[in-house]
Amino acid sequence: MHFFSVIRWIAWKDLLSEYRNRENISSMFFFALNVILIFSFSFSLDPVTIKEIMPGIIWVAFGFTAIIGLGKSFLIEVNNDCMEYFQTLPVPKGAIYLGKFLGNLLFMLTVEVILFPLFVLFFNLDILDQLLPLLLISAVATIGLSALGTLFSALTVQVRAREVMFPILLLPLSVPIFIGAVEATRGALSGDAFSMYSHWIELLLVFDVIFVIVSFWIFEFILDY
Amino acid sequence: MVATHFIGKLRKFEKWFGIVAGVLIAVGLYTGLVTSSPDYYQGEVVRIMYIHVPFAQTAMLAYSSLFLCSIWYLWKRESVVDNACHAAAGLSLFFTAGGLLTGSIWGKPTWNAWWVWDPRLTSFAIMFLTLVGYLMLRTFLDDKEKRATFSAILAIIGFIDLPIIHFSVEWWRSLHQPLSVSTRGVSIAPDMLIPFTLMSFGVGLLFTYMLMVRTQMLYLEHLLEAKQGRLLNEGQG
Amino acid sequence: MRFSQLSDMNAILGSSLSKSFQHYQVLKEVSVEIQQGECYALFGPNGAGKTTLLRIFATLHRPTSGRFEIMGMDGSRDRVKVRNTIYLIGHGSYLYDDLSVKENIQFAIGIRGWNPTDGEIKKALDQVGIGRFSRLRSRYLSAGMKKRLSIAKALLIRPKVLFLDEGYASLDERGVDMMNECIRTFTKAGTAVLMTTHDRGPTAEVAHRVGVLNRSALTEMTVKEMVAADALF
Amino acid sequence: MHFFSVIRWIAWKDLLSEYRNRENISSMFFFALNVILIFSFSFSLDPVTIKEIMPGIIWVAFGFTAIIGLGKSFLIEVNNDCMEYFQTLPVPKGAIYLGKFLGNLLFMLTVEVILFPLFVLFFNLDILDQLLPLLLISAVATIGLSALGTLFSALTVQVRAREVMFPILLLPLSVPIFIGAVEATRGALSGDAFSMYSHWIELLLVFDVIFVIVSFWIFEFILDY
Amino acid sequence: MRFSQLSDMNAILGSSLSKSFQHYQVLKEVSVEIQQGECYALFGPNGAGKTTLLRIFATLHRPTSGRFEIMGMDGSRDRVKVRNTIYLIGHGSYLYDDLSVKENIQFAIGIRGWNPTDGEIKKALDQVGIGRFSRLRSRYLSAGMKKRLSIAKALLIRPKVLFLDEGYASLDERGVDMMNECIRTFTKAGTAVLMTTHDRGPTAEVAHRVGVLNRSALTEMTVKEMVAADALF
C-alpha cells in the first residue's frame, strides 16, 4: 500500500543518512556520557542518596539526550527545503510523521541501550534481575518521548529561535512521561514486585497511544498550514 | 620541502625507537611479572601496576605531545604537523583507554568497584572525553585548514586538564594512589622500582615509535588524497 | 493541431489572486490563464511577488483572497489532487546531503509511489549533463549541478504543470541552453511551464507568452514586445 | 582606544539585538524553569535528600541553560556570514572575543539572577543570610562558563553537527567549574563559614583567569584559520 | 594622466596561485595583475573557482601554493595591513537581522574605527536607492536590497581594492545600472575592482579588462574580444 511505502521511504532515507554519518549517533552517545559525568559531580554520591536519586539521574540524562537528539531530527528536512517538497507531495502526511517517528524511536532506543550498561558501571547498580522490566519501562517511555519530540521538532524547526523553543514546548508536555518513567524505574531498581509499579507502565502506555495518535493526526497541519 | 625533510627524519630514526622500546618492555615485563615479589597488602594483583601506570603516564605524555604539536601547527601551519597532531590524538586516546581499562580491572579487587568518582579518575575521564571530542570534531570538518586549526585550539585549551590529573591526588584527599615519585622522594620498593622504570620508559618509547609511524601513515594518506585530486605538486618538491 | 487539441482546458487559471504578508500587500487581484503545452515567462523587479505567485499556485501559500485552478481542479479544495499534477523547481534543492545523486532521485520519485528503473534515471541525468556524478553525495554538488538535478527529477516526474523559479539562475551559458532544451521537451509533451526570470535573452527562445509583475499588478505582452521593449518596468 | 571601541561595538550590537528580541531572554528563562520542573519531578523531594542535592540541581540547571543559551551565541554571526566579515576586519580579533564574552556573561547572569528566587520559592530554600557568598559564587563560576562557552560556540558554529558538538566539547572542560561551583554552593547553603569553602572560589578564580586569557589569545585562530 | 600616475604599483598581484580543497584542485598556477583604478571582470563556468580566487585575495582562504600582494603588501605576512585596504561583497550580506539598515551600517563601519555622520550614511544609501528604508530592520530586506546595502557600505569604506562576487546577481535591470554607476565611482577614485560575473552585457559597460577562468587556468582578453566572442568557454 502506498501509505506504508511512504513510511518505508522516509525511514530508509533517515537510516541511510544516519549510517553515512555514523559519527552522529556516537556523538549523541558521548553527549549522554558527558551528562553522566556532570551529574555524578553535581550530586553527592553516598550510597543511600544515590539510590534515591538514581532513577531521576537516568531519566534526566535520557531527557537531555532526547532534547539534543530529537531537536535536530527535522533539521535535515529544512536544510534544503525538503519540508517544502513534502508539503507539495500528493501523499498522506501522517505517513511522513510515522516514518520520522520510527527513525527517531530507533535512534533513541539505540542510545539508551548503549547507555544503560554505563550507568550500571559508573554507579555500581545491581540490576541484572530487573533487566526485563527496565527495558520495558525504557521502551514505553521512549515511545512517548519520541512521538512528542518528532512532532515538536517538525514544529520548531521552522521557527526562529528553534534551539530554545524545542525544549520549551517539549519539556512541559513530557512531564507526565518523566513522572511515570521515574516512578516505575524507582520501583524496578528497589526490587519491588512488578505489580507494584505496573500501573505506572500502564499510564505510560496510555500516554503513548494518545501522543502518537494525536501527533499523527495533527501533523497534517504542520505540513499544510 | 619541510614535509619531505621531516618525514625523511622520521623514517631514519623510527626503528631505533622501536627496537629500544621492545627491549625495555620485554625485560620490564619479565622482571615485573616473574621475578619481582608480590605486594605486601595487595598480593599478586599488584602486577597490573606494571601495565597500568606506564599506560596512564604515556597517555599523559601523548597528550603533552599533542599539545606541543598543536602549538607548533598554529605557529608554522605545516600540514605535516597537523598529521602529527592527528596521530598523537589517536594514540593518546588509545593509551587513555588502556589506562582506564587496566585501572578499572585493578579497582575491582582493591576498591570493590569498577569505578569511583575520585578526582584523578574523573580528570582522567575528562581527558578521555576531550580526546573523543577532538577526534569527532575532526570528522565533522571538511576544510583542511579549518580542521587543523580548530582541533589545535581544542587540544590547547584541553591541556588544562593535565596538571589536574597529575596533582589531583595531592590537592584532594583521594582514593587513588598518591604520586610515588615526587619532590618528597621515592616511595616504592627497589625490586619493584626497576621493572616499573623499565616499563615506564619502554611504553613511552613505544608511543614515540608509534607516533612516528602513524604520522607517516597519515601523511601518505594525505598525499594519496592529493594524488586522487591530481595535485602532486605539493609532496614531491 | 496538437496545441489547439490540448487547450480546451486551462492548465493554470488564477483569478483575482491577492496575497499580503504581515505589513505588506504583495499581490493585488492578479489574474492569469496558462494553457497546456505553453511556456509563460514572468518578469518583474526585485520583490514584486513573482516567487509568491508561483508558491501560491504550487499550494505552498494560501492566497489572501481570490481562487485558482490547476488542470481544472480547485486549488484550495482539491489540494491533494492538484499536487499530483504539479512540480516546483524553486530556491530549495530538496536534497539530502548524505544521499548520492541517484539515491536522492530514487527517494524523491519513490515517495510519490513510482520506482523508476536505473536506466530511466540514468537517461534523465544524462539529459541534464550530470550522468557522471550519479554516485556522488549531493553535499558536494555545486549550485549549478543542483539545479540540473532538479530538472532531471522533473523529467522523471513528468508533471502536468511545472513551476520554475529563476529558471536560469546559477546556470552557466551551456546550462542555460540545456534548460531551454528541457523546457521545449516539456511543452512538447503538453506540460504547462510557468517560470520567473530576469534574463530576456534566453527567455525569448522558449517563452510563448510574457507577463510583467510590477507594483502588485500583472501586465501581459508577447515575446516580441518583450524583446523590443526598452525596459520592462 | 580602538581595541576597546571594538569591544564596545560588538557588545552594543549584541545587546541591541537581544533587546529587539526580548522573547529570546524570556525563552531562556522559561527553559530553565522547565528544567527545574523536570528536576523537581524526577528527584524525590524529601527535605533531607533535597538539601543534599540542591547545589547539584541548581548548577545542572544553570549548566543546561548555558548549553542552550551560549551555543547559539555565534549563530547570529554565521547567519549572514558575519564571521567572514570579522575575518577580513583589520582589528584585533581578541577584542571581538571579549565583546562577545561580555555580552554572554551579562546574558547568563541575568538569567541566573532571575532564576535564583525561583529556586528559593520552589524548593523552600533559606538563603537570605548567604546571599552575598552565593552571588559571588555564581559570578565566578559564570565567568568561567561563559569564557569557555563563547570560545566553543565560535568554534562549533562553523561545524556540521554543531548542536551536539557544542556540549560535547564544552562539558568535559567545564567539569572543574561545576565541581567548584557545586562544592562552594553546598558550603554556602549549609551555612558554613565563608573561609571553609573559600578555597573553591579561589579555584574557580584561577580557572576563570586561565580560560579567559587562553581563549582571548586563541580566538585569533578561530577567525583566521 | 591620472591613470598612469597611479599605476606605478599593482593594486592586486597574484603569482602562480594554486588552491585545492580535499579532493579537488580548483586553481592551478593562476597569475594576475590588476592596476589601481582598473575594473577587471572574471568570467568562467560554474565551479571554475572564481569565488575561490576572490576569497584568496580577500584573505579568507590561504592559497595552497603561490603568493599574492595587495597594494604592494604581502598577502600572508601583512594580512592585517592588507585588510585595511580591501572590501569584499560576496554571497553573505554581513547583516544582523534585528538591527536597522542604518544601525547595520554604523556597526560595520564603526568597528573599523570610523564613525560616519548621519548625512554621510544617508548620502550613500540614497546613491544605491534604498534611502527610504534606512530605519527598516534588515530582516525584511529582499535579496536585491541587501546587495544594494553592501554597495552602500563599500561607498562609505572607500577601500583601495574592491572584490565583487557575482556583481549583478539578484539585481533587477535598474539595479544593474546603479551598480555600474557605482563601479565607475570607485574606479574614478582609484579603487581597483575585481568582479566575477556571468552577464556579458552589463559587464562590457564598465570593465577595463576581462579574464576567463576555465579548467583551473586563466586566459585574459580585452572587453571587445569578450563581447565579440561566440562563447567564452
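Labels for the chains are A, B, C, D and E, by order of writing; each one numbers its residues from 1.
Note that in this section a residue touches a chain if its C-beta (ideal position, glycine included) is under 8 Å from a C-beta of that chain, and two chains touch if they have at least 3 such contacts.
The structure displayed is predicted, hence computed values, not measured ones.
Participant: Identify the chains adjacent to both chain B and chain D in the sense defined at the top.
Facilitator: A, E
Participant: Measuring centre to centre, with centres taken as mean CA positions, what chain is farthest from chain D?
Facilitator: C
Participant: Compare the CA centroid of chain B with every other chain's and tell me the farthest one.
Facilitator: Here the answer is chain C, farthest from chain B.
Participant: Looking at A-C and A-B, which one has the bigger number of contacting C-beta pairs?
Facilitator: A-C
Participant: Distance between chain A and chain B based on Cα centroids, please, to the nearest Å.
Facilitator: 37
Participant: Round to the nearest whole Å and give the separation of the Cα centres of chain B and chain C.
Facilitator: Result: the chain centres lie 59 Å from each other.
Participant: Between chain D and chain E, tell me the centre distance in angstrom, where each centre is the average of that chain's C-alpha atoms.
Facilitator: For chain D versus chain E, the centre distance works out to 39 Å.
Participant: From the C-alpha centre of chain C to that of chain D, how far is it in Å?
Facilitator: Going by mean C-alpha positions, chain C sits 48 Å from chain D.
Participant: Could you pull out the residues of chain D that touch at least 2 other chains?
Facilitator: Touching at least two other chains: 21, 161, 165, 168, 171-172, 175.
Participant: In chain B, which residues are in touch with two or more of the other chains?
Facilitator: 122, 126, 129, 132-133, 136, 140, 142-143, 145 - these are the residues of chain B that touch more than one other chain.
Participant: What positions in chain C touch 2 or more of the other chains?
Facilitator: Residues of chain C never touch two or more of the other chains.
Participant: Which pairs of chains touch each other in this structure?
Facilitator: Applying the touch criterion to every chain pair yields A-B, A-C, A-D, B-D, B-E, C-E, D-E.
Participant: How about chain A: which of its residues touch chain C in the complex?
Facilitator: Its residues touching chain C are 2, 5-6, 9-10, 12-13, 16-17, 20-21, 76, 79-82, 84-85, 87-91, 224.
Participant: Spell out the residues on chain D that touch chain B in their complex, using ranges where they run on.
Facilitator: Within the complex, chain D contacts chain B at residues 148, 151, 155-156, 158-161, 165, 168-169, 171-173, 175-176, 207, 210-211, 214-215, 218, 221-222, 225.
Participant: Within their complex, state which residues of chain C touch chain A.
Facilitator: 58-60, 79-81, 83-84, 86-88, 90-99, 103, 107-108, 110-113, 137
Participant: Of all residues in chain E, which touch chain C in the complex?
Facilitator: 44-47, 142-145, 169-175, 198, 231-233
Participant: For the complex, which residues does chain A have touching chain B?
Facilitator: Listed in rising order, the residues of chain A that touch chain B are 23, 26-27, 30, 33-34, 37, 40-41, 45, 121-122, 124.
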